Amino acid sequence: MKKTFFSTSKYRLAKSKIFFYIVCFFSTLTMIPLFLIIWELIKRGYKQFNFSLFTEVAPTSMDAMLAKISGDPIPGGILNGITGTLLILVIAIIIAIPVGILVGIYLSENPKKKFSNLIRSLADLLQGIPSIVVGIIVYVWVVRPMHGYSALAGSVALAIMMLPMIIRSTEETLKMLPTSLKEAGLALGGSYTLVVLKILLPSAFGGLFTGSLLAISRVMGETAPLMVTALGATIVNWNISDPTSAISLLIWEFYNDPNLAPLVWSSSLLLLFIVLGINIFAKSVAKKWKIQ
Amino acid sequence: MKDKIFKSILLLASCLILVLTAGVIYALVSQSINTFSTFGFFGFISSTSWDSVNENFGALPFITGTLITSILALLFCIPFSLSIALFNGEYFKGTKTSTVVSSVVDLLAGIPSIVYGLWGFYVLRPVLIDMGVSAQGFGVLLSSIVLAIMIIPYASSLSTEFISMVPNDLKEAAYSLGSTNLEVIRNVSLPVSMSGMFAAYVLALGRALGETMAVTMLIGNTNNIPSSLADTGNSMASIIANQFGEASGLKLSSLMAIGLLLFLITAIINFIAKYILKIVNR
Amino acid sequence: MENSINSENNKYVLELKEVSVSYTPGKNAVENVNAGIRENTVTAIMGPSGCGKSTLLRAINRMHDLYPEIKTTGEILLKGENIFKMNPMKVRRLAGMVFQRPNPFPTMSIYDNVLAGYKLNNISLKKSEKDEVVEASLRSVALWDEVKDSMNKKGTFLSGGQQQRLCIARAIALKPEIILMDEPTSALDPISTNRIEDLILELKEHYTIIIVTHNMSQAARISDNSMFMYLGHLVEYGTTKQMFTKPKDKRTEDYLTGVFG
């Protein structure tokens, strides 16, 4: 028996080593797409990543074709998309964050109630709905009754997608606060409402902020739900009941129009920078906040 | 008095979630009734016809398209997400290296779907064409590869958590009996974290099922059951994205019905995953 | 510093020579320990918490190799062979280990838990050999009669004391030269503790046992020899009887009389 142990132990160690290298190899491989994608966007997009990207609306297919024929860079930018994304997001935030935080407070204050478990499960259910399905639901709810596509419809769709994330992060942040905090507040004679609003929420601010930022970065790049709700527009629109463009919608438009294709890279680059930027910022805030 | 109002506001907000969910189900069901009463539930999900002229619709090609691409994506993602989980949760647990690796992988989850679609279209598709997979490159294989990359972060972050939760003294016990790294992983770490990892992959599958834009851009947009990996098709999400804009009447209802089916499938998959997690966490 | 037990028999099964262990460079958790341990004895390592007793124990089966930041220096001879020149897997097979908290593998049955060492070492046995090993190992930890009808149940269904005996069975199934026990009864109730102590005395017939304990009366009850460690140093090493009656060092005396608490 000892002999078999001896003769195989080298083999076993070698096998273990090889497995380790395989794991390292695959892990490295996994990280590569991120850099490849960023590299590709920079490589193809930097030429069009200019001032007019932020100051001009998307060109028509005709203008782009003419520029292409004469060898000029494609004129125009994605101003209508940037303002559209901003408009749609702001309304979505106004809808989702207060409701999400209130529900989160309810769940953390009544953690064991049957009703809370139901709400938690439903929030999970909502979070799992594919984005395009959220889109068509809002189409039925908002677009059809309003007789038209609108920024508001897009906002409702994004708000539905943000809501479960905000509920969850609120509940989890509040749960992490020591119970003594609430008790101390109540012991000082503060009313329940004041303790929650003036003590718990401010203490949880870092967590709520991070959670909201992550939710925003998650829905910011969404395209599918906006296609069937906000539709898109060729002009800068600030009216919430009119069709509105968004950066992601413009990318989709450019992708589908060979004349506009060169713009697809610079606008994707911008979108990726903003989304990953918010993402990284949110996580670094979370880290700092956790240390405190 | 004030507290009462505040508490009722909290309750009201929570009830809104209830109303929202009811509204979601009502919207999908009410809009798809027309389709189900015309073709029958089983008739609709078993028919391969998608004929706008004669108004004859069936969901089978899209259900199969969704299932094939998602399951393939899941299979493709396993070696990568398992490696990440072992890298971060076992070999380099708690080190700076693992922090860097996991943040990079997490960033993959932050990339918008449409950017993945672009990258798949312009970078990966030519590679597949060069490899001779198909003339255009579009299809099940291309979509599955991109989907796999998209779900890796979801599968790996949760499985990392479960692998790193395997008690250290259990692993030390295995080492103290003379086993190698690999043997500890195979006989202790993986079996102990098995059910949690399984849930992680089920959740990742749920992600893949509902993924819309990337698949819409890469699967080829044809209304047939894919006959091979190189064949084109449509997923449930992509047919909705592709045809919703110009649909009306029975076609619109059929797209809604597909939406309802997709909602149900993802809900069931997510429910299974959450159920397993609940048992594991007990 | 010379710490050895006077004996006409100079053959030690385990010899520690200038063993030091550090968790952070330049700061030793165990410093320059010299000791020899004879066959078929029970040696208790005592000392206040944080004195390095577990650290010393874990050096003996090279457990510290698992953590790259921990450095071990010196020589440890197991049957005359330097363990740092051996394959660590072999060292660990020759030195069985029992942990503070009972830790049977939760995914394995009782039967498989006993055979875990064989499985983990890729040693394949015939069914009859397996049955033999399982029965012999469980009998020697006095667990056989209690579990022989529930071999296929998970080990985690047993009581804490039974689990710990299963873990001892798991260690001795591989027929190690020495058994290292790291406060094996600290998580157990008094009755289970008693049974484990009896078991240790029985196992002494066939094995050499080194046990870390913070329980002085336990050391007095079961050990032949005792080490007293303080701040990483092996302060005193001698027969248990002598140490408890006439400690040579003031610090040992303080510890035994409860000055350190």
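Per-chain numbering from 1; labels A, B and C assigned in written order.
Heads up, the rule we're going with is that contacts are C-beta pairs under 8 Å (C-beta built on N, C-alpha and C of every residue); 3 or more make two chains touch, one makes a residue touch a chain.
Just so we're clear, the structure is a prediction, and the values are computed from it rather than from any experiment.
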**Report entry** Pairwise touch network: line, ring, star, complete, or other
**Finding:** complete
Report summary line: More contacting C-beta pairs: A-C or A-B? The answer is A-B
Query raised in the report: Going by CA means, which chain is nearest the middle of everything shown?
Result: B
Query raised in the report: Using each chain's Cα centroid, which is most distant from the centroid of chain A?
Result: C
Query raised in the report: In whole angstrom, how far does the Cα centroid of chain B sit from the Cα centroid of chain C?
Result: 49
Report task. Calculate how many whole Å lie between the centre of chain A and the centre of chain C, each centre taken as the average of the chain's C-alpha atoms. Result -> 54
Requested in this report: Mind checking the centre-to-centre distance between chain A and chain B? Centres are C-alpha means, answer in whole Å.
Outcome: 17
Report summary line: Residues of chain B that touch at least two other chains are 180, 183
Query raised in the report: By residue number and range, which residues of chain C touch two or more other chains?
Result: 89-90, 93, 121-122
Report summary line: Each of the following residues of chain A touches two or more other chains, namely 12-13
**Report entry** Residue ranges of chain C in contact with chain A within the complex
**Finding:** 87, 89-90, 93, 121-123
Query - chain C residues within the chain B interface of the complex - result: 61, 63, 66, 89-93, 95-97, 99-101, 103, 105-108, 116-117, 119-122, 167, 170-171, 174, 180
Query - Touching residues on chain B, where the partner in the complex is chain C - result: 167, 169-170, 172-180, 183-184, 187-188, 191-192, 194
Query raised in the report: What residues on chain A touch chain C, complex-wise?
Result: 1, 4-6, 8-10, 12-13
**Report entry** chain A-touching residues of chain B, taken from the complex the two chains share
**Finding:** 2-3, 5-7, 9-11, 13-14, 16-18, 20-21, 23-24, 27-28, 30-31, 79-84, 86-87, 91, 101, 103-108, 110-119, 121-123, 149, 152, 156, 180-183, 185, 206, 209-213, 216-217, 237, 240-241, 244-245, 255-256, 259, 262-263, 266-267, 269-271, 274
